[in-house]
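Note that subunit A is present in both complexes that follow, paired respectively with subunit B and with subunit C.
Right, the complex of A and B next:
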């Protein structure tokens, strides 16, 4: 019975392209020059250790008369004070150095994995005991311990050194892995695995461990560096078997034979350089390790070079004419506090730029609430950030104007502001409240102090007494007892914190407040309380609000006018009441037919088939076309412009106008809209 | 009152039944801090019937997700019992858990977090199939994965199995969670806010899919949500949860159209609703849900309740029947006068204390007792606030 009311929108498949992940995605890790350098260097060293003795057949311990000779054809890297070949020693030494490094690191990593994962996942007593163990190992100074242990061992062979190094270097990794496991353990996918009856060891090794590969690899690589250095130090101090060649051992002999005094640089520089180069190579690989391992990072890189807060370089042709115009062009200009004109915002990614906001024009009148509705990917949040010019680097405003009308009637294009002027403008005339904002309060400062900060920064002339009076006034405005100005953010509920953010936004009496999903994270009751507060404040203080949300039913109740965004464009703009009574765009109709109603008779929910489009691969013509139940032959061909429909009243006032970007309302096809009989006004093309 | 709703015979045993379900969490206050108990779920009775959608409506912190986790055996109840097909459930050890979860599957809220980011979707689905049917050959496993993907309208299957979670949209991922639940052929699906993180235009499709599966495969579906309007459309039976307790239950339509608990009325008046008459006044509400480590005495809603009476402050209300297959945990319904007072007050009355007939004509004490004793026999004998059909 219930299901009958929900019409047949069930299909999950969309017209999306078939682009599954490449099996060789990890190869993309090599794209980074740093990583590639590291890998090449490391491969060279490994080859040197493996194949070196095949090519350089000189015995590294063979003594000759050719003592302390500089590099020559016979001895490519010269000789030592006993005439031994430095190159042969270097190659032979690389085997011990690398072997010690990798084997000790492998042992240490296995130890830290076992202890870290067990402690993190099992918790309780096992966690406390294992953590205690690793903490003890952490506070023991490891170099003295190594020195003592190597001294105590009957023979200081490579194996002993390896064991000693791994025993002293696992604890740090274990701690990091334990912390990671603790946080992963609470993640939903682990919960899902537990709920499906997966066994504990499988959850640890198949679900949790693969998520830590990057950390394990990074820990391993840095332990390798550490182990090589420790081995070199021990050898240099003569604590290892000095008859066995290693880079540290070479340095030991060079030091003991006063190579520096003889100026025999060829003796001590090569081993030192090798140690440094191996360290560098491993560090370089470490930088890029995430790209090899994390499937998410294998996809296209986002270019991050871009100017932020700089005035827009490219000006539109109409700009010059407009800058000193005080609004003769629009009859309702005096009323409009902010005009967004042809705003375009692009994300500069590896390939083609992605247009998140495409040629959006909107007008905000003084004292009104303009609601912007849209789903994820519609560009509504990008628009919010662009209006306040808080957008982050990969996003770039590539066109348009943001015309702000001062109370005296003069206009400023916000896109031409920079630096200080922009900062001043942002809080004085326009402020912003974001969804996450309530978590943006500094946890260490009392809320009164945080409001006071804004006053101090923008009203330096204001005395302490006046400021504290203003803080009290602001808190009262948003419905918080002024006594609570001494409270810390954690002492307040989410709703109260969001009220504080609104108080901060109101601090300097702005004309415009941009709100991006300010109540989404809150419960319905709290949400309603805050919305009511916003509306009453707006009526009292006469600021205008741009309110952005995905919740259309809330928006209709709250807004004076509504603009619906889809794939970066405004597809419909209308007074809220008219919009609700008669949505024009098929997308708006679908949205309104998607949400269940609480009062009145139940109606059939038809919903919208498919899913929001990928902005990087928009369909041709109308972006909504693949999901549109009323698409016809022109839709894939023509990108529908935003058509102005003459309001029934005949006035061209912003307040009452309706605009829609749909070919159903265009020219010869207007008849198709099928709404002619219901009194849809005649359309007028702009 | 023998049954809630009329679609299912009252003699039918529920697939999943919970009685007196209670969960306390222990909070440790530092090294020497006192241990405190947080009563997240208190004495919840619930019946889930085959082929029927039951909703639990509540705000964050109401304990609704804990109920789902208790029913899924992810957490052990402090008190109370769970019966599956009439047999008491006690899950100890992994084998029993697997046998239980083959029948009762949980779908989590966040489709972005509920898949392991480092494994392909195919891996995660094949794993789920193998857990429940270890005897299948690799080829049969592959076939089964294709089947469940087709069930959730994700075709062709090869387009999804090789992908990583981040390569799919929220709607697709939530369908995959449903597909993962279906690998077990469950008779109960517990859906914890299955659509709250999805786009508006996607939600309907996922809800329709769940409803169709419940109907076609005769699955008992528990739909946990904060969105009371969606419960009206999607569920047949619903219960409202506040501060760890179920406070009102009945058919979803009854609850949303004729709420009989002041909290349900508050929820409804706060929910966005463009159809609401413009005349309705501002929301009358002070306060927030209580701290469950120290819940109010008496009725847990009394500090926020516009109808609060002396009794509410001291004695927790029992369940009162408030109509055909409709009950409410509110002292107002102890007397017909109280019920009438609630009914006569508009949903969002600025000050109900001075309105309503109860103030003018308080019921005599004797009449109250009569009413109570008349009401009692109509309650389900086995569970005072059971959701029954």
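Right, the complex of A and C next:
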């Protein structure tokens, strides 16, 4: 469960896609206190209806001389104007009210299912007609219709009422179930069943229906509430058999016997309260189910306020940060603009925290492209969000530093910035390009406005004219006609939307841009155009890029240096050309073998056996060990440290250094591993 | 344009379905309602009214299609028949008297509770995961309250115990309806309690819906990007989150209108409010079928019109619907 959640966070999906395995997982929602309250309350009411008359033996219709007496020992809830016992009526009435509610809702849900499933599954004309029918039923005000229908049947018994209610309350459920069926229909397992020639109804009942239990349950429960309320309204209007006790019927008698004028609150308060409490109980249960259906609602539980924008408690003495030697005199790429030092990010989801980013240290030089590669779940996206401090709970930075060097040479640990300072810093010095431009642009705002508001927030002194000039300039920079600043995101192509994203990132001329899979959603040709645009902009504007992707071949072309992540750790870091020529870590070798290069020699694609590890239960020693073709006896025992290898060129160029976390390159085993022939560089301890 | 014509077709079809339903309903009544009716109004009904009654229940020599055409013909001339309970007042006259009251009360209250509920939902959704979430159970309780019951409670406290507001009716008896200060004050006084009952018992519905949409929208990437850009909390909450969350809420508003309006109308009964909800109650009590039909017709058409307005608002708010599909 926890890893599922983590994968959701990583991939940004809502987690609905991969769930056929946990068809009844929604039952787990009952654990929440709110849902439990609802269940307990509902059970109490059902017990009251079933067993109440056994304990309270007073005849609810028995008249007595004790009229309109307030609650007392003899009549716990007082009496009516004819001396009838209110409690006895309440208990007897619960039977009709609940029975009507549940039976009518059951019938309505069957109708919803038939119509919703048929419409969603069959599609085409049947869908059009059935959807039209349910929309018509939805729009026509149901209560007046029910009132007229029951008014037309003067001696309407309970059964007639139940049928009338179910006939007028199926439409909403049908609509919801149709939408759900439509989305399920396209899933793999349904497609597979269709391809294997299973019959339509068999697929609906064996494949689709079981996956809708949560939504069917939610629909059923809300229909129960509606049916109980409708029955009460009808009874209150005197349209049911009012000699048969029900909560609504009690209110009918109270209203028509001037209970209000007598001040007999004990007569008219309890029945309405019961209706409202049953409704509340069912809604609370539904809330639990909703949170299962929509994981975004569930994650809202995790307190967001405290974790967000809060600086880390520990603050480095500034002199330590200042005096720190970071190889500032690198001859090729200039100074380090961002240093990630021992960064650790954990997901706190109830049990043990899960480390998505584990002790990662990386350096980014001015004007450089640092590529970060890894499979999904390797922690690379979590790293991107943590660097920009946009990570959302349950993710939490539990250790490390993010040292940013200002152009004047002073350094700031971004993790110590508080809300305001962080807001001012971010976008000014460091911005981010998100994976899907479609999702990252507000669909309701013109693209020009979405660039402009960043300017407005950071440059309050800037006039409207200057801002719009800047917006035009930015659009031109990324190759979009400035005229289109009035366009809405949906009016642009996917590639253009991603260019807009880049323009937004460039708005304030930052030193660092973090790009999280910026081209994944695009076709290959557009990908290429975007990459070329990024490279040319970088050469012109001299910003540094942290480029995150699973596509290693793209990184090799684009990056100056490459870091490979596995299970939250950096397992190899090297200059791109050296990395391509000779990847050291067996995982890097596997990754490189699983992608064709965009240009260059053909080679056999092999891929890596096995699946990314469960971060909640990492193997001992090296976490890549179970998938590693070259694992040996020490791998399960020793966790390999990230070793700094001497640069192959022999110079002291920091940009050219290589690091790898693999015992094959640990001096003690270098000889035994049988890789000596490949010319392993001399080991240097950090 | 295609989307537009689809919507137009939907409205036409729904109106047609409602009107046809209205035509069929009296014909579905078991037994011989006409004889029962004539017994009740012994000698009071003129021959014309008897004929109209027979026509209403389909007891004429014409076949059902001819009856259906005649029904449409009368409807298009604005002839909704004659009420039995207040014979010989035409149904149209009774509706004309009641409709302004209902539109004023239910219309204003529905819009009011949508606006207040949605605004509160924005705030509660924005502050998700904090103590504000404690309001959720309270709100679910409010949504489950039967309208008319809450109306009884309100009457008991504010009219009978406190004497703050009048007990029932639409205005003080004896006042001449007109656009003058004392009449209008009286109307507002009389509307206050029903309005309170309706707004309080329907507000939670919008609040919860909007809260859930806000929470869902706040997880969107564009909200994250807005935060990254350093926009003010107010702008993120309104322009980025609430504006997007409002769209599904508005669509829900249109679809739930029938449900909400139906519930509110019963509230009129508790207050003897001179609107069509109270007329519906009287019509059902007196088995006044022409009046029932007329009321159902008017309510359905009004809800459809309100739906159309909500649809137009949606188009104004969402640029994506404005493209020629």
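Criterion: the second predicted complex is superposed on the first by the 540 of 686 C-alpha atoms of A that agree within 3 Å, B and C clash if a C-alpha of one lies under 4 Å from a C-alpha of the other, contacts with A are read in each partner's own complex, and residues count from 1 in each chain.
Keep this in mind: contacts are C-beta pairs under 8 Å (C-beta built on N, C-alpha and C of every residue); 3 or more make two chains touch, one makes a residue touch a chain.
Please read these numbers as outputs of a predicted model, since none were measured by experiment.
Asks: Touching A:580 in the superposition: subunit B (first), subunit C (second), both, neither?
Replies: A:580: touches subunit B, not subunit C.
Asks: First (subunit B), second (subunit C), both or neither: which does A:442 touch?
Replies: The answer is second: A:442 touches subunit C but not subunit B.
Asks: Touching A:145, do we find subunit B (first), subunit C (second), both, or neither?
Replies: After superposing on A, A:145 lies in contact with subunit C but is clear of subunit B.
Asks: Is A:454 in contact with subunit B, with subunit C, with both, or with neither (first, second, both, neither)?
Replies: second
Asks: Name the contact category of A:197: first (subunit B only), second (subunit C only), both, or neither.
Replies: After superposing on A, A:197 lies in contact with subunit B but is clear of subunit C.
Asks: Of the partners subunit B and subunit C, which touch A:233 in the superposed model: first, second, both, neither?
Replies: Only subunit C is touched by A:233; subunit B is not.
Asks: Once the structures are superposed on A, label A:527 by its partner contacts, choosing first (subunit B), second (subunit C), both or neither.
Replies: first
Asks: Have a look and say if subunit B or subunit C is in touch with more residues of subunit A.
Replies: Answer, by number of touched residues of subunit A: C.
Asks: Of all the subunit A residues, which ones make contact with subunit B and with subunit C?
Replies: Comparing the two interfaces on subunit A, one with subunit B and one with subunit C, the shared residues are 12, 294, 296, 299.
Asks: Which part of subunit C faces subunit A closely enough to touch in the complex?
Replies: Its residues touching subunit A are 10, 13-14, 17-18, 21, 25-26, 28-30, 127-130, 133, 136-137, 140-141, 143-150, 152-153, 155-156, 160-161, 212, 215-216, 219-222, 224-232, 235, 239-240, 243-244, 254-255, 257-259, 261-263, 265-266, 269-270, 280-281, 283-285, 287, 289, 292-293, 295-296, 299-300, 303-304, 307, 317-320, 323.
Asks: Provide the residue numbers of subunit B that touch subunit A in the complex, in ascending order.
Replies: So the residues of subunit B touching subunit A come out as 7, 53, 59-60, 72, 74, 94, 97-98, 100-102, 105-106, 108-110, 113-120, 127-128, 131, 152-155, 158-159, 162-164, 166-167, 169-172, 175, 177, 180, 184, 199-205, 207-209, 211-212, 215, 226-230, 232-236, 252-253, 256-257, 266-276, 282-283, 285, 288.
Asks: Under the stated contact criterion, what part of subunit A meets subunit B in this complex?
Replies: 1-3, 5-6, 8-13, 18-21, 187-189, 191-200, 206-207, 210-211, 213, 293-296, 299, 375-376, 493, 495, 523-529, 532, 550-554, 556-557, 580, 590-591, 594-600, 602, 605, 607-609, 611-612
Asks: Touching residues of subunit A toward subunit C in the complex: what are they?
Replies: Where subunit A meets subunit C, its residues are 12, 14, 34, 37, 132, 135-136, 138-145, 147-149, 151-154, 172, 225-226, 229, 232-233, 236-239, 248, 251, 254-255, 260-261, 263, 265, 268-269, 271-272, 275-280, 282-284, 287, 290, 294, 296-297, 299-305, 388, 390, 392, 423-424, 426-428, 431-432, 434-436, 439-445, 453-454, 457-458, 488, 490-491, 504, 507.
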